[in-house]
Amino acid sequence: MKLALKFLPIIKATSFQLRNFRALGAMACSRYEYVKNYEVQDVLLPNVWIIIRIDGKGFHKFSLNLMTSAAQTVMEKFSDIILSYGQKTNVYNRRSSKLLSYVTSLFTSCYVMYWPQWMGNQKLTYPPSFDGRVVLYPSDQNLRDYLSWRQADVHINNLYNTAFWNLVQKKGLTNKEAEAKLRGTYAAYKNELLFSEFGINYNNLPGMFRKGTILLRKQVNRTKHDISKQLIVPFHEDMISDIFWKKHSELLADKYSPGLYTQTDDDVVPESFIRKVEKISVE
Amino acid sequence: MKLALKFLPIIKATSFQLRNFRALGAMACSRYEYVKNYEVQDVLLPNVWIIIRIDGKGFHKFSLNLMTSAAQTVMEKFSDIILSYGQKTNVYNRRSSKLLSYVTSLFTSCYVMYWPQWMGNQKLTYPPSFDGRVVLYPSDQNLRDYLSWRQADVHINNLYNTAFWNLVQKKGLTNKEAEAKLRGTYAAYKNELLFSEFGINYNNLPGMFRKGTILLRKQVNRTKHDISKQLIVPFHEDMISDIFWKKHSELLADKYSPGLYTQTDDDVVPESFIRKVEKISVE
Amino acid sequence: MKLALKFLPIIKATSFQLRNFRALGAMACSRYEYVKNYEVQDVLLPNVWIIIRIDGKGFHKFSLNLMTSAAQTVMEKFSDIILSYGQKTNVYNRRSSKLLSYVTSLFTSCYVMYWPQWMGNQKLTYPPSFDGRVVLYPSDQNLRDYLSWRQADVHINNLYNTAFWNLVQKKGLTNKEAEAKLRGTYAAYKNELLFSEFGINYNNLPGMFRKGTILLRKQVNRTKHDISKQLIVPFHEDMISDIFWKKHSELLADKYSPGLYTQTDDDVVPESFIRKVEKISVE
Amino acid sequence: MKLALKFLPIIKATSFQLRNFRALGAMACSRYEYVKNYEVQDVLLPNVWIIIRIDGKGFHKFSLNLMTSAAQTVMEKFSDIILSYGQKTNVYNRRSSKLLSYVTSLFTSCYVMYWPQWMGNQKLTYPPSFDGRVVLYPSDQNLRDYLSWRQADVHINNLYNTAFWNLVQKKGLTNKEAEAKLRGTYAAYKNELLFSEFGINYNNLPGMFRKGTILLRKQVNRTKHDISKQLIVPFHEDMISDIFWKKHSELLADKYSPGLYTQTDDDVVPESFIRKVEKISVE
């Protein structure tokens, strides 16, 4: 078994001429066209939440902002589409492969293109790549549970990793020793360890690491004189609690329209993001 | 219906620690983990040819070399995988979504990363993106018919476009007039038009435009003193004829190993590609 | 392309011995076992309504009771399963093909087996067969809309057919003439036609024909002295209205348990069904 | 989660009238018709072998002839269809669910209907049912390997069971003792055991038990004066060997037409089957 990779850039761009032509003289083509029937329909079930999960390997903390930036652009590009979802229309007629591959491709594209903007002098030495998959969730509760699951994972991983690397880098333990010390311990133990041994209050660490980044489409009032603008705003809030879903009640509302958001001085949203989004999508 | 986009970069990188940990203290997670069961298996049928088709919109001829370069890198990255296919093992256990999204992502990544190399001073002003799909073909004949179909399309499109743009650019016809003049005409008419009106022998135009680009893995002997090297070589040959499949008989052979290829002076393979491939994958 | 039909009755019954054995001496088998990997997983999305639609062709009104009887037995056989659904367990692990083919098969089996009971002297002259399909509906509203759609269809068909056959059988019109007379007419016209020409008040015709038959699992109190029994009871009610869903509120309740039902004298439920169900499943 | 079973016998029969009507006055319907879009397309990949496997539980050896008889009728009913496969047309447009459920239903129907014919005085006390699934095999070798796998299983099971029941019934061993005696033993041991202890030459046992039953469509010459007839003939041959596929070479031929078969006196085909098939499909 071999993988036949075929890249077909020219064809789509001129496909309308082709169609005109085909009806008349191009009989030679038709003999092969039966192969079109081998394409499998993969339309997604209507009336369910669509999660597109994009994974990458070997990325580190420093690229988190780059990731967020790439995700913001994907949301900007899909802005009409999300709106039309609210209006019960269909992105790509819900064709699973098309939706999945396009979103993954756009995310990758932004990641490479915005690299210099976020990573400074660090050079990109290899073509980074991501894989994705589509999962469907029928109910609002399923959606909330999915997001709670992901956020609980982020918490557990980040707490473990924070303790682990402090033991290794500040106490000089080997990886093995640090692992042995932490194996089977509860969150409370690791919190206490961080505080007593390293003077770290875990809950004061940046929300981006403890909670992950959630991007929401919001109407933002930035200053008194501003007319509100629709922006894609990063949040680092607790999605497990009910508070999040009340505060952002537009998310599960029957008719979707971006929620209102008034920025305050002590807001956790980094200025850099707000500026970036404005630059691209508003001004 | 709304699209919930979630990008989860941290989690995968540290998943092994998570697993150690979860077995002991992390009971809080388990309540949500049922959502994992909503993922649908999408394993591809074994023993068939897998075509991954990648489409993009709004690209023009000048990016053809960039496309080829991106495709070459995808083939380089998948070299073990294709080999392991030959040995009857499985890429990503034939999971359709993973395979599709990864290949599309890697192609996009290369496209953006190699842009400056091929497009000179022309700036990339937007994040380019592609969508893909997987189609399965059970028999060798199906595979050949698929490729014949694509190549017949390339031919028809390119002949039409060559005639069209010559009429517009050299004769000053409007787009509408040119379209009217060509509507419903046969290949012979367009060939004759190009020759008598513009002195163009269509068959002498670059094979890249008339035939498209086919990338094959080959053992290449470049000079007498060279030890042969495995390269990914671009061809612009006629895949509809039997000759192609005899010349590259390794493609449909039961046990795949890259064919031998001796480069000659009048070879159509552009020097630039050969150099590029060596640079990346061999030296 | 040919259809390879293979019926394999023996194997499953003794599969446990096979497995014991296989581990030791049966090396000859293993060479072929790779073919198992060609089976595609077809697990249904959790947390959605599953509709199994069973169609047959060439059946007439007289077999309606037989159909109902067959459907009752299917519900009896699946009684634990529906209960376990309520408890969030899974029939056949939600394997689509298995669920679909088993239910269709059992329905067919009952149809042939109960034929003499319902069709009297009329002989079964050919093996009747049905085809089925599985459709998923995520929300309660989707489920109600699906059932409303089917019941609206039953109404339109039955009104048309009643008018059509009265015109043909009582007025002597040809099929073509009757069709022409009814083409494009509204329900009101056909109601009026039935009343003025044939003295038929459409709304007084049997509910079974106007509304179709709905089978529900109910706790039935039949007499004062009876302890209530769980029966599968046929209804011919209007599922489009809210009343139906309030009356049978257990259907959309989070925790399913059969509703209570007190039979009255003027009840539309035919006595024959109640007796039949008791005979099989209760006494 | 609950299972919504809906049996819809009337609708299909009159669907053509419905369509006429719907276009004009039946606006009430359209509000619900969106639910049709929830049906998933499940068209099977072209150009592959389709195996429909039908399983049942709790059946015993005495119903083997009944099974064969049911399978024969399925083949008779699908005779045009198989022929049209040979002509590259499509049964039910290759819709997987429809094909699977119809074939399983027809098989069940025949099983119940022909029960009295084959099971004599033994009454059918419950509605028997079967489940099925569709598996695709791309190459001829895959098909042969699948059938070899099934036939090897039949052999292993039958040899084990023959030894097991002889030990239990003739030697008075308990089930446990018999199992212990046979556990881990090779075929040679069981063959020797049957011969030395019970005087049974395993290879002389009926082919139906040792090899299973294969039904093939054949042109049969029964007597000198007969014009050949197309029959569905049961065989109990070794499908693992090449001989079978040479003898019945029509099976893997590009253009399918039933093979010729001349019946001889010592033929293993039971007379009863031949007669039955003639009765139904020929005379």
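Here the chain labels run A, B, C and D in written order, and each chain numbers its own residues starting at 1.
Convention: a contact is a pair of C-beta atoms (placed from the backbone, for glycine too) under 8 Å apart; a residue touches a chain by one contact, two chains touch by 3 or more.
Chain labels with UniProt names: A, B, C, D = Probable tRNA(His) guanylyltransferase.
Keep in mind that this is a model prediction, so the values were computed, not measured.
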* **Mutual neighbours - chains that touch chain A and chain D alike** => B, C
* Asked: Between chain C and chain A, is it the same set of residue numbers doing the touching on each side, over half shared, or a different set?
  -> same
* Can you give the whole-Å distance between the Cα centres of chain A and chain C? -> 44
* To do: Give, as an integer number of Å, the spacing between the C-alpha centres of chain D and chain C.
  => 26
* Asked: For chain A, what residues touch not just one other chain but two or more?
  -> 38, 40, 45-48, 136-137, 142
* **chain D residues touching chain B - in the complex, by the definition given at the top** => 45-48, 136-139, 142
* Contact residues on chain A for chain B in the complex? -> 1-15, 17-18, 20-22, 24-26, 28-29, 31-36, 38-40, 46-61, 63-64, 67-68, 70-71, 73-75, 77-78, 81-82, 85-86, 88, 91, 96-98, 100-113, 124, 127-137, 142-143, 145-150, 152-154, 156-158, 160-161, 164, 179, 182-187, 209, 212-213, 215, 251, 256
* Complex contact set, residues of chain C against chain B -> 37-38, 40-41, 43, 45-47
